[in-house]
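What follows are several structures.
Across the two complexes that follow, subunit A remains constant while its partner is subunit B and subsequently subunit C.
After this line comes the complex of A and B, so read on.
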């Protein structure tokens, strides 16, 4: 048995031996302190009436006034509704889509075809939303967009997709799928590559048909990855993606397309309402935090897989 | 390889396989078609684009739009700024990530658990953009390209992947290096970094792409046109453009060789080229790097 004194001195010894390692870590933690923890601290202006000219310390405390104002603001409620609807649609349609793509690709015999499709669908993920939006314009523009040229040739009326309240949300969801699903497909395919081929062969010998193999081998093979990505995705429920909406929307579609992030930008950066928008940001971050913790807990109970 | 041949499939399975191929082919075409359309536009005279005649192949091949771009100062400086952020930013990203991933990967680090908690918490609870904006303002980084580099110097998720890989390197290796008189920095850069090449290549490419594409901070922190990155320059081209869509046709721009449509397409292609150049490397390193990195240590 060691006494407390000798245990303390052994910690000192351990510390002295690894002091360079410790200071190496500490020097980078200084970056975390400045660029992550100071902004955390400044979240407190959500509880103040912050004036930039007065600074943080001199601005008066107002308690939950900013949050009250937030939930009484019809514009915020519109923005919250849009965020939930668009994000919900993206999860409902966009989340399963790459899973289906991966299951399908896994059944393709010709590896050249498989590789080509994977390459084509993987590229757009790495391209910025601005570039991708520019490409979308060349398809959707009412005067010269390819889709509208096609519609006019077929005798229809051109549709101004991005200014149409009916079309704006579907465009957000579909372009999200065509841009992002290739990336997640690659992740699922990598998980599938880890499934032992012998299991498939044994199933074939036992007479399992294609659909049984998908249901009993392929899907369980990627289930842990699905769980992890789903938890992470759920944490992003209030994140629609600033870049996508900002570059595609216009005042004509604010009613259906304005989301928390774009609202935050207009009110905070362009409008200078720092306390109000910090309250909004704090609300958004807290919901995300709770969702990740809760969904991780629930899914771990249900499936045994989780983030930690 | 799977032993079952296509001819041994039952009819219902064959039909399903056929459906799969048609579905994948269609989706692939939908994904790739717009890219070729933009490429064809960038190489065609404005007149034919406005007429809706340019599909997948340029009509009357011309590089006029590209020539015009290089005469426009805003676009050239946009490329310069983006290149600076991409190269300097990625170097800082990697060095800072190494410097924290290495200590966190070593069990002998004092207060290791506390440090890991401090770092991981920032992943779970995102920093608000408004406090970040105020910080950037306070630090005097507004309208500086450094505002796109320092606040994003470490992506914790990427750093954790490097750390997890470092964790698989046995302690005996550094112990023998210590006996030879090597310091921590020497061990990190002479032993750990070279041993982790696949993971570091994957993460390095991710940082590079993130930096080239960085957009939201550029919109928030940079308002001076001389500091615009190419992404923001393209935004300006697009937003001016959207307004034009609602205006009646302008005959002069219609007849000139390189009008707004062709120039927009050309800038789009040029901004994409760096991504396309490194894309083969992404494919090479991504899967491998990700698989190794995600192994929990």
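After this line comes the complex of A and C, so read on.
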């Protein structure tokens, strides 16, 4: 067994040998330190009554007052409910979608068809939400949108989709799936590529049908990737996606579409309530942290796979 | 090159660049630094424009550092700049929302003393009554813009009225009748069902003439409209007449005579509906009518004529809304005397000539001066017909800094020694006006309603933004057809519990009823 002195000497040697790699890593670590870890300190604003004139250091300490105000705010429950519902729908419907698509593509043997579908589903990922939303506006417009023109021609009444409380959440979920699923499909396809072909051949020889091969080979083969992505997604349960909601929503649909991120933006950036919104941000991050720990623990127990 | 030498070279470059990054912009030795924040719609070559060239010549001891923020990003960036305490020496903002916070945070300096010594032209050329918009707690905190606040009018497509054989509407009922005809009777004769009576913008913006018929108004961008009722300052947002107006607007909306997307339209989408010949009534600035009509005519609508008319007469009144308070220029307090001296210079005759008249925010001077060396502005007809006008206007507009200087201010040249030049400048303004704007200005002057709350109060700093956001939400809900009784009672409860009552109390204490 090596002693501490020997281990340090070994580290020194390793360091000097790989000094260029360490130096390259330094810039990445510096980025994390400057933009991710050092700002943690300023989360203390959540416990202060931040005043422009006094700055961060001199603003008075108010303890949990901002959190109290948050939990008493009539809008907090609304945005929390909307965030959980929209995010929950996105996970429930949006998370399995790319898995199903990847498995489907994996079972389609004609590579040209496979590549075509993959490209079609992947391209929207590279379009910004601003562009994507303008396409949605054009398609869903109650006066000139393609969908409403079709509805009218079929004898129906045009629907103001983006101003309808009934339709707003489904639009968020569907547009999110169509935009993002191509990206995750590629990840699952990459994981599927790592599953040994011989196992499939052996299963076919043993008489396994398509469904049995998917259930007993494909899904277990990509289970670690599914688990990791699921844990990470759960950590983002209170993150709906600011850009998407901000671009598509209006006061008409605040009751069903105003989420923590858009509320935070209006209160913090437009309203200048920095302490209050930092408290909200801290609450959101804490929930995300607990969810990651808890889901990792549960999934490790259930499937044997986890983040750590 | 060996690995070690390469590593060493890389390290040196890295450290040098870091030093450069962290050193920031170097101060020019012995110079006074003035950071100046402007809010243009697009960023042009301000640094080398006539405006800055004239200033740099006059003040060689000043190191001007321009900090433009696109107007579209202003609402996001300004509160962050305030929070960071990083406001420049000279900057502009709309006083109503931010003045109390700026004063409470010691982020701006009172200007009374500096104006006495260095601001004679600012004070001498101010529009009548406008300096009061920049006062707070008995001190002068900003230089308000001197443009006219009475610039909104009700406009209607006269050619559509003629096509349908309709008279100019006067009452609310007549307006509704015309809106129906515009929607259902094919006013443009194209054989398609593709037109609407009127349209407004998201958050029930730009339809104040409708509300003023009920004796209330959301006001420009929902900054609030206050009126004296029973000897007290009261907020229109919570009056029963506001509920009635919203309910009536909802019935127009339900009937389909308002463009269905009005509840979500942004500025460009809204403006384009008019340019696409889709909507017949328009509430906005007559100043833009020439642009609208000329675009429609160029698009093949030969007789297109959107024209100002009197606003609808309703059950409780008639009127249009003023902008409320003009945008103003503020000073952080660093190098205050020099900043005010520089700013004052932009109001002088010397600067007008040196900068070749590139001051007014709306009108562009021609590249050539007249025989006396004085700037000449494009006339109304020239602006419509000169193919180079638009390019010139943009170049001028985006290569100077906004100061609130306005040709339309009758006092703008009051301190200038050359009275012939002053008369020439005033004549230039008259030349820029077209028939629609002259008529619209008259109507705006006649019908404009001014909020009786002329300046913000301290409670605005804490409550205004949330109340404004909530008002937008409830107004939208009622117009879209939600249960108005329930929404209205929730709004009143929210208003009273979240600062509305406190703002009203302070307004009544601090802003005397005249």
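What we mean here is this: the second predicted complex is superposed on the first by the 272 of 308 C-alpha atoms of A that agree within 3 Å, B and C clash if a C-alpha of one lies under 4 Å from a C-alpha of the other, contacts with A are read in each partner's own complex, and residues count from 1 in each chain.
What we mean here is this: a contact is a pair of C-beta atoms (placed from the backbone, for glycine too) under 8 Å apart; a residue touches a chain by one contact, two chains touch by 3 or more.
No experiment lies behind these values; they were computed from the predicted model shown.
Once chain A of one complex is fitted onto chain A of the other, the partner contacts of A:251 are limited to subunit C, with no touch recorded for subunit B.
In the superposed pair of complexes, A:143 makes contact with subunit B and with subunit C alike. In the superposed model, A:104 lies in contact with subunit B only, and not with subunit C.
Shared-chain residue A:264: touches subunit B; no touch with subunit C.
In the superposed model, A:14 lies in contact with subunit B only, and not with subunit C. Legend: residue contacts after superposition of the two complexes on their common chain; A:242 is shown touching subunit B, with no touch to subunit C. Of the two partner chains placed around the shared chain by superposition, subunit B and subunit C are both touched by A:274. Of the two partner chains placed by superposition, only subunit B is touched by A:39; subunit C is not.
More residues of subunit A lie in contact with B than with the other chain of the pair subunit B and subunit C. In the superposition on chain A, A:127 makes contact with subunit B only, while subunit C stays out of contact range.
In the superposition on chain A, subunit A positions 20, 52, 141-143, 160, 162, 250, 269, 274 are in contact with subunit B in one complex as well as with subunit C in the other. Contact residues on subunit B toward subunit A in their complex (touch as defined above): 1-4, 6, 9-10, 13, 16-17, 20-21, 23-25, 27-28, 30-32, 34-35, 37-38, 41, 49-50, 52, 55, 96, 99-100, 102-104, 106, 108-111, 115, 118-119, 122, 124-135, 150-151, 153-154, 183-185, 209, 212-213, 215-216, 219-220, 231-232, 234-235, 237-238, 241-242, 245, 249, 261, 264-265, 267-268, 271-272, 275-276, 279, 282-283, 286-287, 290-291.
Considering their complex, residues 3, 7, 10-11, 75-76, 79-80, 82-83, 85, 101, 104-107, 202-203, 259-261, 263-264, 465-466, 469, 472-473, 475-477, 480, 494 of subunit C touch subunit A. Those residues of subunit A whose C-beta lies close enough to touch subunit C in the complex are 19-20, 23, 50-53, 55, 74, 141-143, 158, 160, 162-163, 250-252, 254, 266-267, 269-272, 274.
By the touch criterion stated above, subunit A contacts subunit B in their complex at residues 11, 14-15, 17-18, 20-22, 24-25, 27-29, 31-32, 34-36, 38-40, 42-43, 45, 52, 101, 104-105, 107-109, 113, 116-117, 119-124, 126-131, 133-139, 141-144, 146, 149, 152, 160, 162, 178, 182, 186-187, 189-190, 193-194, 197, 200-201, 204, 209-211, 235, 242-243, 246-247, 250, 261, 264-265, 268-269, 274, 277-278, 281-282, 284-286, 288-289, 292-293.
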